[in-house]
Amino acid sequence: MGFKVVAEDALRQLERDLMAYGCAVEQLPAGELNSCGWRVRFQAPSGHHFELYADKEYTGKWGLNDVNPEAWPRDLKGMAAVRFDHALMYGDELPATYDLFTKVLGFYLADKVLDENGTRVAQFLSLSSEAHDVAFIHHPEKGRLHHVSFHLETWEDLLRAADLISMIDTSIDIGPARHGLTHGKTIYFFDPSGNRNEVFCGGDYNYPDHRPVTWTTDQLGKAIFYHDRILNYGFMTRLW
Amino acid sequence: MGFKVVAEDALRQLERDLMAYGCAVEQLPAGELNSCGWRVRFQAPSGHHFELYADKEYTGKWGLNDVNPEAWPRDLKGMAAVRFDHALMYGDELPATYDLFTKVLGFYLADKVLDENGTRVAQFLSLSSEAHDVAFIHHPEKGRLHHVSFHLETWEDLLRAADLISMIDTSIDIGPARHGLTHGKTIYFFDPSGNRNEVFCGGDYNYPDHRPVTWTTDQLGKAIFYHDRILNYGFMTRLW
Amino acid sequence: MGFKVVAEDALRQLERDLMAYGCAVEQLPAGELNSCGWRVRFQAPSGHHFELYADKEYTGKWGLNDVNPEAWPRDLKGMAAVRFDHALMYGDELPATYDLFTKVLGFYLADKVLDENGTRVAQFLSLSSEAHDVAFIHHPEKGRLHHVSFHLETWEDLLRAADLISMIDTSIDIGPARHGLTHGKTIYFFDPSGNRNEVFCGGDYNYPDHRPVTWTTDQLGKAIFYHDRILNYGFMTRLW
Amino acid sequence: MGFKVVAEDALRQLERDLMAYGCAVEQLPAGELNSCGWRVRFQAPSGHHFELYADKEYTGKWGLNDVNPEAWPRDLKGMAAVRFDHALMYGDELPATYDLFTKVLGFYLADKVLDENGTRVAQFLSLSSEAHDVAFIHHPEKGRLHHVSFHLETWEDLLRAADLISMIDTSIDIGPARHGLTHGKTIYFFDPSGNRNEVFCGGDYNYPDHRPVTWTTDQLGKAIFYHDRILNYGFMTRLW
C-alpha cells in the first residue's frame, strides 16, 4: 500500500524520520511504476510493506476539468468509485505498528477494538477527516491483507453496485450493510481473481482531537456487521 | 388477510360472485372488529381465509389532514411504515387459487415462478399498479403464512429500519437487499412474538395488460434474494 | 394524449360508451402510428383530444427480458425515465370533463384545488394507485397543454437529472423540489424545442375509495411548489 | 468564528505564530464561554474576528457513546445536523487573508473564483479532507457575514430539511440544489431572527496537494447555483 505525500521535501523528511525511528528504508527509482516518482519503501512491525511517494501524474478529481468542473464525469462505467478509500491489514505487533504510524507518519487513532483483557486487537487509523485511511487487525501471521476498499458517494450507489455485482454473477461476500465500526456502509465482494474488495460510503467524520471510539470483542459481530450482528464465514477465512 | 372494497354494493356483489363461483361464504357482523363494518369471509383453495369489507374508519393518508396536507406527519416514530403492502402465503392448489383471484376478485398475475416442468410454483397477484398485493408459493400444506409486508418509501428508509432493528437487538432474517421477483427492496425480520415481517419499498410498476414476468426455479436464489443469490435457512424454514 | 386499454373488446366497449355519453368519436386506422393498432379519438369538454388504443408493440418493462429479468437495463443513457407518468392540461369545463373521465373512462378524483367560493379549479385524476394519470387546471381557453411528465425512480435520480440538465445548458424552470399537491418530487425544464417537461418521482399512493385531498387557492403556492411556496413566472406563463 | 485546536501547546504555539506574523492577538479567559477554555482572538485582514481554543466540553460524536456506539442517536429532532460545517465571510484583502490562513493556520486553498482579470475574488479554504472549512468572497466592506452552514448526511436529509422549513413556514432562500463550487448540495434559509443559514451535504473531497479548482466569474451563476445558473436576489443582497 502506498501513500502520496504532499511534496518532495516532505518525502525526504519522512525518509529521514523513518530511519531515525529505526525502520529499514529502501529507495525505489522514479518510473519503476508508471507515472510515479521515486518511492520510499519500509516495512511496518505488522509485517506489511508500505511506500511513500511525492510525484504522481495528476488526473484531476474523478477526471474532471480543473476549471468550471461539471458535477461529475458523464462517461463513467460500472460502480463509479470516486477514489481508493482504505485497506485492512492482518498482522501482529499492533502496538509497535501504532507507534510508527502515529509518531512518524502523522496518523491518529480513530476506532479501536478491545478484547476482554483490554488489549487492542484492532486499530483504525486516519490522517484526514475520513473514518479511516488504514486499519490493522491482530493476527498471528505477519503481513496479510484482508481487503482494499473503494469510495462510493451514497447508499444508492451501494445498491447500484450490488446490482451490478449480481448482473455479472460476481461473488458477493456481504452487503449492502452497515458497519458498526466507523458506521460506514459497505459491500464486500470477490473479484474474478479472488481478491476481496469493498465499496464503502459514509462513515463517521474524525478529527485528530476526537477520542477514539471503542468497540469491545463481545460485540464484535455488531462492530463488523451492524445489521447481521454475526461474522460470516467468508469474512473470517480468506486472507492474502 | 382482508381487503377493503370500494363500497357496500361492491361488497354485496362480490359476495354473490363468490357464492356463484362455488365458494363457501360467511358473514361477520359490523363491529366485531373495531371500527370495521360487516365482512365477507371465504376460504381460498390454498387453504387461506380472506375477508372483504366496505366500511372502515378513515384515518387519512398516513394520518395527514385532507385539506392542505403537509408532506408527512411530524410525529412519526420508528420505521414509519406508510401502509400495509402485501402478504406471502404458502399452500397448495395454486391454479384454483389463481382462478378465484383473477376471475372473481379482479386480480391479475404480475410475476410467476415456473419449475423445470413449466409448472407454476409461485404466483404474485396485483390489483393495482403496485408490484403485488398478495402472493402464493406452492407448499404441500394448506393455509400457511410466510410473511406480511409493510411499505416504506425509500432505500434510505430501509437502511434506517435495519439500524432500528439492530438498536433494539431484534432478530433480522435478511437485508437490506433487493428481490429479483418484483425488483423491490427488502428487509425480513422477526418481531418479538416470532412472526416474520418485511419492510419493502420500490418494486416494479404493473398494469393488467402487462405480460407476467417469469422467473425459473434454476434461478430461484436470485429471484428471491437478488444480491446473495441463495435462499438462506431462515427464509425457507419458518412458516405459520 | 393517449391511453392504452387492456384489450380489443374493452376498446370497442369504451367506444360505445363514449358515443352513448354523447361524445363525438373518430376511428383512426391501425398503422397510422408506428407499432400501434387502431385508435378511438374523442374530444373532452376541456377542449383536449384524447385517444384510446388496445394494441401496441410490447417492449417489456424498461426493455428488460420477461424471463429472469435483471434489476435494470445496463445501457441506459441520460435521465433514464422509467415511463410516461402524466400530463397537465389547461382548459375550461372542468365539471363536464370530470364527469366524462369518471363516469365513462373509469378514473377517480385523487386531488383537487378549490377557490374561495368552493369551485373546483384543478382536478387530478387517477385510474391506478399512482398519484395522478391526468390533471386539468381551469383556464378560459380550451385545449392548452402545460406539461408532460416522465417517471423517475428516486430523489437521487432527480438530482442526477438536474445535473444533466445543467451539463448541457438546457433551460430549467424549477427544481429539484416537492409538490404540495400529490407530494411528488419534481423538476420542470424546457427542452430545446421549448416544451415544458417534468421528471417526477414519489407522490402519494391512491385508491378509488380514498377521499380526494383538497388544496385551497389561498395556499396555491405551497400546493404547487411546497418549498418555495410561490408560483414562479415561468410556471404560470407558458402554455401550448 | 472559532476553531478548536488539538491541544494546549498547539494553542500557545499558534498564538506565538500569529504575533510573529504581525497579528494583534487578544487572550480571553477560560469560562467566559460555557464549557470552553481560554481563547486566542485575532482579526484577519478581511476584517473578521476569529478565535482559537483547545479545551471544550466533549459531548461525543452526535452525542453517541464512545463505547459500542449505535449508528445514530434515536432522539434526534428536526433537521438533525451532524456538526457545524463552515461559514462564508464577505470582506476585502483576500490575498492577505489567504496568506494568514495558509502560512500561519495551516489551511490550504481548495476552490477559487477568478474574475476576467485573473484576480481571485473568492477563496474556499480547507484544513481537512472536507470541501471547505471557511470561505471568503471579496466585498468592499470589511467583516461581513453571508451565512453559516451545518452538515447533513445525505440528499434525502436535505429534502427532509426543506420539508421541515415549509411545515413551519420559515423563509427559504434557495434549494434543495447543488453548488458548482465544491459540488456540495445545499439549502439556504433564513431563521426567525433573520440570519441566513445553510444545510449542506456532500461536496468534493480535498487533500492539501490537490490543485485548487477554479471557477470563472463569467460562470458565477453556475458556480454558486449549479441548477438554476443564476444568482437570486436573496443570495446577493443580505449580509451581516
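Every chain is named by a letter (A, B, C and D) in the order it is written, and numbering of its residues begins at 1.
FYI, contacts are C-beta pairs under 8 Å (C-beta built on N, C-alpha and C of every residue); 3 or more make two chains touch, one makes a residue touch a chain.
Predicted model only: the values in this text are computed from it and were never measured.
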Original post:
Comparing centres built from CA atoms, which chain ends up most distant from chain C?
Top reply: A
**OP:** Report which interface contains more C-beta contacts, comparing A-B against A-D.
**Re:** A-D
Subject >> Averaged-CA centre spacing for the pair chain D and chain A, given as whole angstrom >> reply: 28
Original post:
Between chain A and chain B, what is the gap in Å from one C-alpha centre to the other?
Top reply: 42
Subject >> For chain A, residues contacting two or more additional chains >> reply: 71-72, 154-156, 163, 166, 178, 222, 226
Original post:
Which chain D residues qualify as touching chain C in the complex?
Top reply: 155-156, 159, 162-163, 165-166, 169, 172, 175-178, 185, 222, 226-229
**OP:** Using the touch definition up top, name the residues of chain D that touch chain A in the complex.
**Re:** 4-7, 58, 60-61, 66-69, 71-72, 82-83, 128-130, 151, 153-155, 178, 180, 183, 202, 204-205, 207-216, 219, 222-223, 226
Subject >> Parts of chain C lying in touch with chain A, wherever the complex brings them together >> reply: 70-72, 74, 154, 156, 163-164, 166-167
